[in-house]
Amino acid sequence: MSMPDLQKSPDARRVAIDKVGVKGLRYPVVVQDRQRQWQHTVARVNMYVDLPEHFKGTHMSRFIEILNRYHGAVSVDRLEEVLAEMKSRLESGRAHLELDFPYFVEKAAPVSGARALMEYQCRMAASLADDFDFVLEVNVPVTSLCPCSREISEAGAHNQRSNVCVTVRYREHVWIEELIELVEQCASAPVYALLKREDEKAVTEQAYANPMFVEDIVREATVRLRADQRVTWFQVECENFESIHNHSAYAQVCWPDAGA
Amino acid sequence: MSMPDLQKSPDARRVAIDKVGVKGLRYPVVVQDRQRQWQHTVARVNMYVDLPEHFKGTHMSRFIEILNRYHGAVSVDRLEEVLAEMKSRLESGRAHLELDFPYFVEKAAPVSGARALMEYQCRMAASLADDFDFVLEVNVPVTSLCPCSREISEAGAHNQRSNVCVTVRYREHVWIEELIELVEQCASAPVYALLKREDEKAVTEQAYANPMFVEDIVREATVRLRADQRVTWFQVECENFESIHNHSAYAQVCWPDAGA
Amino acid sequence: MSMPDLQKSPDARRVAIDKVGVKGLRYPVVVQDRQRQWQHTVARVNMYVDLPEHFKGTHMSRFIEILNRYHGAVSVDRLEEVLAEMKSRLESGRAHLELDFPYFVEKAAPVSGARALMEYQCRMAASLADDFDFVLEVNVPVTSLCPCSREISEAGAHNQRSNVCVTVRYREHVWIEELIELVEQCASAPVYALLKREDEKAVTEQAYANPMFVEDIVREATVRLRADQRVTWFQVECENFESIHNHSAYAQVCWPDAGA
Amino acid sequence: MSMPDLQKSPDARRVAIDKVGVKGLRYPVVVQDRQRQWQHTVARVNMYVDLPEHFKGTHMSRFIEILNRYHGAVSVDRLEEVLAEMKSRLESGRAHLELDFPYFVEKAAPVSGARALMEYQCRMAASLADDFDFVLEVNVPVTSLCPCSREISEAGAHNQRSNVCVTVRYREHVWIEELIELVEQCASAPVYALLKREDEKAVTEQAYANPMFVEDIVREATVRLRADQRVTWFQVECENFESIHNHSAYAQVCWPDAGA
């Protein structure tokens, strides 16, 4: 059957398109795991290419075909390979691949040692033109305890769950697990999926002993990330889901200024 | 122009439809306010009717026409009027109207008296067959402080924002503001949009002095709601966004058992 | 270390709690798959028990311990086992387990036969008191094409993606895949992750040849589900994300009337 | 009462913070409306300032106090005034204010002239350092009809709701209503809240007569925005909620390249 290929017809409006492709596709992926080598999870996937001004349209089905061939194993090395295939099969100068997925790490409670999986929402955003660019984002839930509330109150201090979002570019591989550990050292206390009573005592006391403003958390993370020679660019955001308000406290540092 | 009215054609499958209509329409509404008489807000609206088995379809545009005529003022009295018009214009035996909207109450901080608006997400679900049914839901964010954590720890206690969702049927009018006040008495402390330093000290100490499990919060609310002669049915749910976990603690009471 | 167990202390408010436990925990699970036996995915998990009026609180950490022991394989048979353990370890009369997860099915395009994975958001809600209750929900995206628009227009007809949500109780095992197939027969056309040009022609023409109101889709599904001897109760909802409006058309049938 | 002001104490980590403040606060606002002068709506608000490296923390309650004083009327002129007050009261070099809100426009159906309100989700992001920067974003739902599907099929063509997100900087005032009208001219057809049967016929035929790829929609908008002398920078994104897939087609143009 011969059918017209409208997408290949010329376009006279002289508008090059920065990104065109498929968005919000959910797909099972396998991600590199420091402990267990590979981890099965489910990603939300975006795949885009640029489109020169003289082409009318891209070929959407090819994105899915490429994804199909690679979903067995998404690792940082293979992302570049996927992007190269996108560029080639879609005849474009730049390709973008974005993956959002929950990532699980087995974590031991601080006193009992009881183990359970903790979820960290992650994102990989890679692109390839002449050079390969790779950005890794990890969201780390932590506890923050307010220094002001502790200082002025006769007993107790308001505390809450916070989300710390760290985004990095690096010149040498950095594990998701390393970013999680780095962030957990910057908060009043880590959070856990499973805590026995002796653990709850420990994390309550740890948080009370380490009061941190939202500003402190992003600064502590900044100090550590600036000192990591592998990291070439980063952004740290912290959002405290305030226990005394119905809104969040928020802070953000981007280093060096240019980026994202 | 004469166009066929497919919706009026007969249907032979013998399936009556429980609800059919429009869903997820966003619309400005005006809601009764205890202090200021009326409050402008924006609702997400669902409107449904039942459809007897012999009709092929309903007339979707009529729902919007009815909504248009009434959006100037949504009050409990008028809901019944809107529903009656839905039944009549759509030739149905039962009509449903659901409104989700943020509702704002000016609240004074406990010590400084500083005033600011607090938002409470509300929902009204009304239906009319032979009888009129009206269900009011109010979501009240509060602080909860863990009694166990306080008891076993040398200093401090984990606490967090919680959402208490109260849903009621009543025989005599109950204000949104009354449900908010009732719930705030059941938690470790209320939350506020604006707290000065002296207020922060007060709510921190209040929460520490009133430790409450998620179970305590729903029980306290249950005791108060059972004692309110106006309330004929209720459900109370409390979700604690645990500061030491990445998941919630949850409790729910429904009274009497039948309902919703 | 001997620490007080506040949760075991008595409570005098005389309020039994219907559900108490953990909510919104994300966890990797393995689900039964008709083709490949088992499928790795990630679930959002809720676990609740009831709490008699004389107990002050439940033991939240035990829910996580139980989940940990079973996450290797969630099948319908094992759900009852998990619930029995929840009842026993938490000394309760009723236990509830809810799992929301994306489920993937490999699907062949209608003409080219090109294969790709399609995602279907599913939910299992199980409870155990004296009897075991199990409810399975499957969300099936489909295409709906408006019969009225087709009838009155000189060319074309508005169509859109719809979500059909089928929820069933059954006396004999029904596969997720069977519910997907049943629903896809009730719509104007199925949707696919991957369509080549010849497939796009086929599904466009199929949809145009099968115009369906939102009412038709729930009725077709009702006729098929009523005829399935294994199904003891069901609900079908269809939501059309109208291409000519910024809101949805919606219809729902519940059979028999009582339930869920 | 004299309480320590921890936020004012010095900080030795040498980390300046780019943004710190309150996030996700819901607040009623009044927005300029081309027809009716002012419109009541509800915004999600973020307010941030920068924090020099030598200050330990910002004063979160002042953000809310400032918001309180201005919520009566948010217009583009007053945004700069709010930002100047944020800079001054929080002793910072740069202030940011972000507002997300639904905006309603009364729209007449194309044939019947029946009128109803349509909702457009908008966003204003303003900042003030030495210069004032203002970015306006408007989301416009439209219908897109696939040219390829139309070309290759014997009858019909798949179509769907799309969201076009236009973001602009300008040197002279541009109304939200102007951006909506501009975008609606770039799609296969506009969408409406209320369509009578004669209108449904008209929009179905209009869409069929104007097939547009996601690429076409962003290009048409680009051509119009480039020609508007008031606009100094823009980004156009279009997302088609494909009726034949469970994912979206997406395209984006940013002009000139630098920005956002």
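Order of writing sets the labels: A, B, C and D. Residues in every chain begin at 1.
Note that in this section a contact is a pair of C-beta atoms (placed from the backbone, for glycine too) under 8 Å apart; a residue touches a chain by one contact, two chains touch by 3 or more.
Note that the structure is predicted; figures quoted are calculated from it, not measured.
In this assembly, the chain whose C-alpha centre lies farthest from subunit D is C.
Subunit B is reached from subunit A by a rotation of 180°, derived from superposing Cα atoms (nearest 5).
Annotation: the subunit A:subunit C pair of sequence copies touches via predominantly the same residues, more than half of the used numbers being shared. The distance from the centre of subunit C to the centre of subunit D, each centre being the mean of the chain's C-alpha atoms, comes to 34 Å. Inter-chain spacing, taken between the CA centroids of subunit A and subunit C, is 28 Å. One finds 25 Å separating the Cα centroids of subunit B and subunit C.
Across the assembly, subunit A contributes 3, 25-26, 119, 148, 152, 193, 195, 197, 201, 246-247 as residues in contact with two or more other chains.
Taken as a graph of touching chains, this assembly is complete, with every chain in contact with every other.
Residues of subunit A that touch subunit D in their complex: 3-4, 6-7, 11, 13, 15-26, 46, 48, 51, 56-58, 60, 147-148, 151-152, 213-216, 218-220, 222-223, 239, 246-254.
By the touch criterion stated above, subunit D contacts subunit B in their complex at residues 1, 3, 5, 25-28, 40-42, 61, 64-65, 68, 71, 102, 104, 114-117, 119, 193-198, 201.
Residues 118-119, 141, 143, 145-146, 148-150, 152-161, 189, 191-193, 195, 197, 200-201, 203-205, 207-209, 241-247 of subunit A are the ones that touch subunit B when the two sit in their complex.
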